[in-house]
Every structure is written in C-alpha cells, then in structure tokens.
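Read through the structures below before going on.
Paired with subunit B in one complex and with subunit C in the other, subunit A is shared by the two complexes that follow.
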Partner chain A sequence: MAGIPSKLRYRPLNLARWLIWGLTALVMAVLPQIFTQGFAITLMSQMGVAIVFALSYNMLLGQSGMLSFGHAVYSGLGAYVAVHVLNLAGSGQIWMPVSLLPLVGGLGGAFFGVLFGYVTTKRAGTTFAMITLGIGVLVATCATMFRDFFGGEGGISTDRVIGKPFLGITYGPGVQVYYLIAIWCLVSMALMYAWSHTPLGRIANAVRDNPERAEFIGYNTQRVRWFTLIISAFFAGIAGGLSTINFEIVTAENVGALHSAYVLIATFIGGVGFFFGPIIGAIVFTFFVVALSGYTNAWQFYLGLFFVLMVMYAPGGIASLVMMQVQLIARKRFKRIAPHYLAAGASSLVLLAALILTVEMTYQLSENSANGTLINLFGVHFDAAKALPWAVAIGLWIIGAVFFHLARKRVARVWGEIQTELLQARA
Partner chain B sequence: MEFFVISLLNGVSYGLLLFMLSSGLTLIFSMMGVLNFAHAAFYMLGAYIAYSLGLKLGFFPALFLAPLVVGVLGAMVERYGLRTVHRYGHVAELLFTFGLAYLVEEIVKVIWGLTAVPYRVPAVLDGPLFTVYSTEFPKLRGFMMLVALLMLLAVYLLIKRTRIGLVIQAALTHPHMAEALGHNVPRVFMLVFGGGTALAGLAGVIGGVAFVTDPSMAPSLGPIIFVVAVVGGMGSLAGAFLASLLIGIIQSFAIGLNWSLSGFLSVLGIAVNAHTPLYSVWKMQLSEVAPMLPYLLLVLMLIFRPKGLLGTRAD
Partner chain C sequence: MNARALELKAVSKSFGNTPIIRGVDLAIPQGERHALIGPNGAGKSTLFNLISGRFPLSEGEILLNGESITGLKPFEINRKGLSRSFQITNIFQRMSVFENLRCAVLWSLGYKYSFWHQLSKLKDANRSAEEVMESIGLKGRRDTPAGVLSYAEQRALEIGITIAGGAEVILLDEPTAGMSRTETADAVDLIRKVSKGKTLVMVEHDMGVVFDLADRISVLVYGEVIASDKPENIRGNKAVQEAYLGAEAEAEAD
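Our next item is the complex of A and B:
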C-alpha cells in the first residue's frame, strides 16, 4: 500500500451525514410553521436549550467517562453572566446584540470551567463525581449568600427586547426567540459533533476507556479531562445564555442540584453511547416534564422510577434500544419479534395502570387529604379511602406481573434465536 | 469559655451523628467499591419509619425496629437492584444509587407528604442534661452521643471479635480467596450493605428527632457525608471518624462566630466600607458562610492532599 500516492485516496462524499444534518435543519425550520400555538413554541424553545445542555453533558459522561453531579454550575453561571451583560446592554452602558448573548454565556461558562475544572478533574471516576457534587453545593450555597451577583431569592430578571429592531427582529415574539435558539442549537450540535472527531475528542475516548494506556502513550489524562471539561462548560454556558433569553429570568435554581440532576437524567435516558442519544433524551425529558407536571403532582416520582428502571434494564438508553431494532429491521427479522413486543407492551401498560392507580391513591390519602379522598383519574371518579379501588389496583398488579413475566421470557427467547441465526449466517 | 465548651459539645455530638452515617458509607465503599449515593436517603427513611412506628409503639421500640426495617430494605436493594447493575461497572452503580436517592425522596413525599411531620422528642429525653455556666446542654444531644458511641463499640466488636467479622475482613481484602474457601461473598456484600444502611437508619431515628423530619433532610445532609468520606480518605474508617468530628466542630464553632474578613483587615489597619470593591465578600460573617465551610475544606483538601486525611490511595 505504501506505493499509492496520497492524492488517489478514495474519500466519498458522506451523503448520509449531509442528508441527516440537512433534514434536522429543515425540521427545526418547519416545526413552528406547523405548531403555531404559543405553548408549542415555548416547548420547542425549551427543547432546543435542553438539547445543547444535554449534548454538552454527554461530552463528559459519554465521551470522556466523567460522571458529573454539578453540571448546572456551568450553565447556571453562564446564564448569570449573560443576564448581567444583557442588563448592562439594556441600560446602554455597553453595546451588545442579543443574538450574540449565548456566546457571552458560553464564555462565562468556560471561565468557570477553567477555574473549577482545574480542581475537579484532578481525579477521575467516583471521586470526580463527588467533587463535582461538592462544587455544585458550594456554588448553590454561594447563590443564596451573594445577593449582588445572584439576586437572592427572586433571582435576576431582565428584558430581552433592547435597542432598535434589526431587520424587523426584536425578540419580542416567541417565534423569533425560537429561531434564535434553533440556530444556536444547530450550530452547537454541529460543533460538538465535529469536536468528537478532533484529536482531543478521540483521546478523550481513550482516557475514558483506559486511562493507564493513554498515559503510557504520552498523554496527560488530567489535562485531557480538564480541556474537555472547559469545552463542555462552554457549551453548557451557551445553553445558559439561551435560557436567559428564553425565560428573561435567572434564579438560584439554575445553578442548583436539581438542575444538575435533570441534565444527567435526560442525557442518560436518551443514551450516552451515541451522539444523537442526548438529543432524544432532551426532547423526551422536556416533553415528559412539561406534559406530566400538568397532570400529576407525583411526576417526579414517575421520572425517578423511569430513570432507575433504565439504569437497571437499558443502560444504553433509548438510543441503544432504537439501534437494536434498526439492526433487526436491516436483517429483516423484526416481523418475527414484533408480536412478542406487542404482548410485552400490552402487559406493561397494565402494570403502568396499576402503578398510576396506587401512586395517585396514596398521594390523595397523604398529601391531598385536606381536599377529601375523592379522586378523578382519567375521567373516572372514585373514593381512594374505599377498599374497591385498592382491590382493583392489586388485581392489575398481579395480572400485569404474570403476563409481563411470560411476555418477557418469550421476547428474550425469540431475541436469542434471532441472534444465533444472525451469528450462524455470518459464519 | 462557656461558648467554647458548648460549641465543642455540640460539634462533637453533630460529628458523631455524621460518623454514624459516614461509617456505613465507608464500609460499603471499601468493601464493594460502591459509593452509595442513596445513603442519606436511608437516613431519611429511618426517621420517617421510626416516626410512623413510634406513633403506635412509642419512641424506644421504634428506635430498635426502624433501623432493622431500613436494613432489610437496604439488603433488598443490594440483592435485587445493585447486583443487577454490578456487571455494567462502577459508574452504573453510582447512577443506580443516585436514581434511588431521587426515588426515595419522591416516595417519602408521596407517602408522608411535602411538609415536615411532627416527630417529637420523648418526654424522658426532653429537657437539659446539665448546665454549663448559663447555657443548658439538652439531654437529647447527650443521648445522641451515647448511641453513636455504643454503635461504634458494637461495630468494632462485630468486625474485630466475631466470626462473621473475620469473614467480612477477609472478603474486604481478598474476595476471591474468601470465595474459594467456601464463603458466600455476595451474601456478605448483602449483609454489609444492609448493615450499613441500618446504621444510617439508626442515625436517622435520632437525627429526625434532634433536627427536623422533612423530605429535604436527605438532600441537605447527603453531600456533607460525601465530604466526610473524601476528606477522611476514601475507604478509611478512622479517617471518616476524624473528618466527621472535624467537620462537626468546625460547623458548630463557625455558626457562633461573627468574624468577617473586613474585621480581620481592620486589625491590619485596612479600612473597608461600602464603596470598597467586592464589599459583599469582605463583610460576610463566618456564621453566614458556615454551611459552605465543609465544601471549602473539600476543595482545599483535594488541592493539597488528594488522598484525604488517612486515605491510602489517590483515585
């Protein structure tokens, strides 16, 4: 092979990649034309912010193996820097177009990434996780103490409509904000994807998989982690800047532990093993939170349970589940397993109904008991203090569990058969 | 002098409570390599279960029963949860316990409600134990210290003087050899996890009466016991003991002192007023920054001595 001149290297245009990115851009551009209600626009704006945030988080967790419990520190502090700059610009003390504000947030996030990252990335693994938790609490405590910068309980509010309209853009209407977020989201997505192919991105993968070997071939693993964290903090800061524009307020919650937990949960649910995993995760998570919190006060319970089940039974997240089916579809085996999926899905719906019934009744009896024990679930009215609904719940649990157990066994068996067939076909 | 004695006593009793939690955490970590993120959640469960049991049985039976219930729950979590995710590695285990901590908090909210439950001190433990100059030292604080010390002694005797303790020690350092000799190491793991969570539950029963029993008691204490584990040195029981006392004492002294940087600067002859840059930093009093101190200690420790006070390994 040595004799072949380099200009003859065959390098086809990666059509699929251009297609996927083009389609993503198209979908993002068209969506607000289809869903024009204010509610939908706000939801999609939140999803855009969450996508940038989750992808920046996956730079740490998925690409470099750093489990952080304090990522909201970077997005939150970025948001605070952005809100102060926006307020200065609003009062005319500095010149700053709102469109570039996320960049300010990003630089703010990166600054704190340099500062805190130096301490946190000294260690890896479990200890790294704990230090990020400590730093997270440290910053969250600061947020309640230093009122000048963090604004105390009420946070710091702002107004995104400043200066003269530029080409008719004022950022007053939600749709304009959506498009700003969409553009920043697309650019950040592309940049983060490109980053995963740079030498730093590659060596970050090596540090994740085998830090000892990475050190033996001459890389300082600590510095690789630090640089990765700075870049990740930069993108988290962009997400913070975008949320500043979107909500026009930044409070101590933005740097809080709950915010850090949410980004971890969203990223993990989507799947840390694939680049597109966190994107799915951010979309599903945001939808889940916004849709569910309107219906039930116990939505965080369902979220936590969903997360724990994912960790136990699908550690690759939704993305890996999807990719497993794609493999089956590509080999024309999906039809054989589909009926069993259907059976498992139906029985898990029964289990879900049992769960919802139990949780909502318990909740009604404890927290809501001041409002009486009458409960309205999916349009059915009943009394949570009576024995009948509890008997129904227990019945559903038993029926669901038995059928789910049977269906699961069958799915596992058929799945195993197909895998053996595929292996034999290859051999 | 009065301030000193009372702060010291308060600090030591709080430190001992921290040690009841961090000892279980450290035992579990050094044995299984699992950092139990949900440890404080078991502490909270201990308080709530003791409250519910105490309504029917009284405080003291609940003091014994609640840790048992929590320990059984912990053992079940290990058997049916942790063991499943064990094959995916330490990050997955950490994520599992993180999710569990979140879930337990929500379960507590669903069952016992969002606000604090009226978990009160029993009449026997109400009132002052003794008086230092003019400040009273409550009986409950004394009881807290007594239980912690008894527990410390019991755990020490269990590990050093009994057969099961011998197996635990063997499984700690040479799990494969212990398994080859016919000991059921996974069961030992389950027992240690259950035992560690039972200790957390016991701490919860006492912490619940001494402080407040509400759904935020786990997330507010959880990070501090991790600080203890890191500052003491990961996996070192003696280190955890030292760090617990250190943090307990630092916090109880800091709450009572109104020193600030501006006061310190004025001693040096530098005047600070409202026009000085960063005035909000200079005027901050020590009592105000008290909740921050453990985390500052953590950061300083990691910069200057990454393996912790008595730790042996740096990663």
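Our next item is the complex of A and C:
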C-alpha cells in the first residue's frame, strides 16, 4: 500500500515508462483485430469508458483520500451535456465533430465539479463522504423532476452518426467507436498519470496523509481538495461523453447511486494504492458485469461476494497482489512459492465450483422456480430438487475447504520465510 | 535594537471557562534564538498553537514583522514566513523523505496548486529538497517512507519540513524530546545550523539545550510570562527558581 517506490518516480528519462505506454497503445490498437466479434468490440469499448471513469475516481479515493459516494453525478451530468450537444449538432443547430464530444462531456463534468465540489470539499473524511451521498441523491431526484434536461424515465436518446463522413469515419460501426474510445482513454490515462506527478497531485497525496501538516507548509487543504475534485470531475465527464457516443442514450441511471457504487467497487477491486490499479479494476469489473450478467441472474451476488472478499483479504486490490509477486520475481523467489500458489488456486477452484453449484441451485428453486427445477450448468443437466446435486455441492465445499486451508497455511509459511530471507539479505 | 520579528500583545486563550494563556506580552527581535520554558501545563504548546494559527486567540494580538497575523489561518501565516514543528512528530508518513521535503518547498517556490508542471523537471524544488535533506543528515534515507524512519530521524525530518520553505521565523516545539544524549547533541548542532540568520523560538525541557542555544529565555508559568531575560539572568532570577528551576533542582537532589 505504500505506493510505487519513489525511485521509480524521479527519473528524468525513463525508458521503462515509454515502453509501458507504447505497449499499452499497441495492445489497444491490435485488440479489435484479434477479437472481431461485435460482442467483444462492445465489451472492450465499455472497458475503455470504465477505465477513464475509475481512474478519475481514484484521483479522489487513492490519491487524495476522498471517499465519494456520488461520483456518477459528474460522469452522468457530463453525459447529459454531451447528449444535448450531440442532438443540437445532429439537427444542424451547432457545429460539433463527434470526435470532440467527450471534451464537451468533460467540460460539463468540470462545471458541476466547480459547483458541487465547492460544497463537498469544504470538509474531508466522513463528512465529505456524507455530503457526496447527499449531492448524489439530490441530482438523482432532479433527474426525475426536470424532464426537459433529463428526459424522464426514458432518458435522452441520440444518434452518433451525424454530418458527412470524415476520412470514412462515420461512427456507425462499433469498431470506429472503439477506436475513438481507445484514443480518448489513452490520452486521459496519460494526462491523469501526468497529473499525479504535478505539484497539485503530490500535495493531494500530502493532504491525504496528513491534512494538518499540509496547512503548515502553506497549503489550503480545502482548495487542494476542490481543485482535485474539479479535475477528477473533468475526466469523469469525459467518460460520460464517451458512454453517450457508445450507447446513444443517457438515462437517470447514469447519475444514479448504483453507478456511483460501481465505480467505487471497480476502483477498489483494482487497487487504490497504485496508478494502474483502477485500470485493472475497470477491466475486471466490466467483464464481470457484461459477461457474467449474460450467463447468470445471480451475477450481482457473485460481484458483491468478490468485493467483500477483496476488502477483507486483499484491501490493496489486485494491483497490490500483483506488485507483491513482482517483488518475488525480481528477487528470484517466485519459483519457490509458485507450487503452493497452484495448490491454493486449485482448491479455490473447487470452492468456487461448490459456490456456483449452491447459488445456481438455490436460484433455480426460488427465483426461477416457475421454469421448473431442471438446471443446465456448464453443459451438465440435472434436477436441483434432487438430493444428489446437493450432496455433491456439500462434498465440494468440504474437500475445497480442507485443501484450501492447508494450502493457505503453506503459502503463508513460505511467504514468511522468503520475506525474512529478503530482510536478512538487505541487512 | 533589531526590528521585531514576532510580537505578542496581551495574548489570552481560554478553553471554555478555563484560562490557559493569561495576557502574554512578548517581543522577539529578528535573528534572536529565544527559548520558552516552564513547568508542564504552563501553556507553552498552546502559545505555539496560537502563534501558528492552529487555535484562534481569545484576546490580544500577534504581530509578525510588525504586521498583524491575528485570526489568520495556518497556511496564511506560513506564507507570511512563519513555520513551526510539532511536539508529536507530524510528517507525511507514507511518502519518502525526499517527497516530504519537496512538498515542503513547493509553495515557497511559487508552484502553488500547479497542475501544469512536472515535479521531476522542477530543478529548484528538487535542489532545495536535496539541500535540506543533506543538512538534516538524511541523505542516505532519501527514498525511505517517512513512517519507517527511526524516532531521531523522524524528529530530524520534522525540523527539515519546518525549515524547508525558507521561513524567517521558526517555531520548534520540543525538538529534542525523547532523544538520547548523543541524539540531543546532534539535534542541537542541527538546530544551530539551520537557524543561522533566522529568528528561532523553541519550547524545550532540556535545560542543557536551552542554556546552550538560547540568546534569551522566557519563563511561562500558569499562562503568564514571569521572566524574559538573558540566560545568565534567568539562572539567578528568584521567581524563576521558585516556580520552575527550584522544582527541577529538588527533583535532581532526590
């Protein structure tokens, strides 16, 4: 959780950094050539939007210690501003290229960041969290009241194909939208990364760690929080503008509490302590939501459970788990622990199977009972009302639990041994 | 006589109905090293909190270089050239030593809330931070998170953060508290070095440090300054002996 060692930060010419950014750009460019199905393109587009949104959220949570329960307000209002501008452009009332629409969303988000942020950032900590919750509810309520702007139940829909094609780009095909999102995502990532290495970004860290001392080195902590929130709201608005283009509709859900909760969950799962954490989080989360919701009605249950387990056992998120392994690999100790990881992984797969079986059968018997008790899980057909599948589930639970317990102890022991060794080697 | 760096006029502070500081008058000329001593609970730290803007005054006025700073916020007072350290170490625990010091120089170099400069390219900020790091003897700990430094190192960093912004008036709250004899000697050398040409006010319990460093000493008892004089005169002052040094002497005799 201590963050990237500062050794990595202060290096005027950092080849590794250029390499990582170059690779990221390359991967983003090549992906749709490999996964060409419409479903994959949609999924990747949504991931791109989610990455921008989660990174903007982590400017607050991870970098400045502000836990917001209402971040969807900025992405959502940015999306609404963008959709109205797109509709005006579509009807020829104003000139606005679709490629620049995310910027409009960003400016919309930033505008409301100036407005609401002034109120929310007066205080830090729990008070800040409470006020963001309040603002979130307030805006969500407005969404049902002001029909002209928010479009009521149905929201505001739009058409992203406007004007004459420019170099063959119409934004009709999904893959063109993907590339637009990819470019905005890459630029936003780079800018937010750069922000974390500016005076304001660093002082935001200082205000997170020790707001009192920050006041005694000349900084008005209210201002630091406010300015940070405005910039964060700007990038959230860009995410909103991108989602406007992607979905061609904006509804009250975009500003809603659920949307705010999702970005919190995605960011946390990825890891707030590292810059790249929310990127991983956004990818994993979007995959969860989009892919899993197609397979099972219980996807929110799995998501919630996953989130709780992460908070309890890996509060640093996936990023911190990754960085722990990187440390082992760099010091050539990974091979020693890998077999134990494998054992722990295998036993958790058994536990996962037990969980899926239990949850899906329960769902079939309760929620989905109108469709009978027959179930099809991974191609296996069986009757959830019979005793045998339940016996199998119980068996899996027990076997999985026993082996997982043993494997976990091994991992902990070997991990401890390696850490002691490394400490001694350093001394 | 030099111009006054810091002046307190009839400063009072009450918490509820309890008066803690009762009409303190104090004038500290520029370039003086001034020690504030007194028994526990006399209000020394409270006085520091009033001067640095951490608490509002109940009554009175405080002037910094002849200009009133009464009622200003801590960051406003800091920007006017007064910087303080804390009795309980108050640093940025998760940041490296270097980052701690670089944060402390940013405002004074005019970078304010900039989000258009890259820190690694700020030559002046990086140089100042390196210089302060060198002067407080933490060069070898450059990239160590402040939270895992030893106690004495954290105290040195505390002083480093305080002086990094180049403030002309420096308030040190018990800089040697909890240190061993050798650590204290190092700290005294450090304080002498970094306060050169500046106005220094410090709260200190170690009489060795006080008489070694201070040009002038003020004695605070029950929220009042009962004496403010040169060290040799304070040593001979009857009232001070009774109120403070006497108790200490008795304790030593036991």
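Structural remarks
Here is the rule we go by: the second predicted complex is superposed on the first by the 415 of 427 C-alpha atoms of A that agree within 3 Å, B and C clash if a C-alpha of one lies under 4 Å from a C-alpha of the other, contacts with A are read in each partner's own complex, and residues count from 1 in each chain.
Keep in mind that, in the parts below, contacts are C-beta pairs under 8 Å (C-beta built on N, C-alpha and C of every residue); 3 or more make two chains touch, one makes a residue touch a chain.
On a predicted model such as this, the values are computed, not experimentally measured, just so you know.
Using the contact criterion defined above for the overlaid structures, shared-chain residue A:131 touches subunit B, although it does not reach subunit C. Judged by the touch definition given at the top, the superposed model places A:93 against neither subunit B nor subunit C. After overlaying the two complexes on the shared chain, residue contacts for A:220 are found with subunit C alone; subunit B is out of touch.
Once chain A of one complex is fitted onto chain A of the other, the partner contacts of A:293 are absent, as it touches neither subunit B nor subunit C. With the contact threshold set out at the top, not one residue of subunit A is in contact with subunit B in one structure and with subunit C in the other.
Put simply, subunit C touches subunit A in their complex at residues 52, 73-75, 78-79, 83-84, 86, 90-96, 98-99, 102-104, 106-108, 111-122, 126, 143, 145, 161, 164-165. Against subunit C, in their complex, subunit A makes its touches with residues 1-3, 5-7, 9-12, 194-195, 197-203, 205-206, 209-210, 212-221, 223-224, 227, 231.
Residues of subunit B touching subunit A in their complex: 33, 35, 81, 84-85, 88, 90-92, 94-96, 98-100, 102-103, 105-107, 109-114, 219, 223, 226-227, 229-230, 234, 280-281, 284, 288-289, 291-292, 295-296, 298-299, 302-303, 306, 314-315. Within the complex formed with subunit B, the residues of subunit A that make contact are 65, 67, 69, 119, 122-127, 129-131, 133-135, 137-138, 141-142, 145-148, 257, 261, 264-265, 268, 298, 300-301, 304-305, 307-308, 311-313, 315, 359, 362-363, 366-367.
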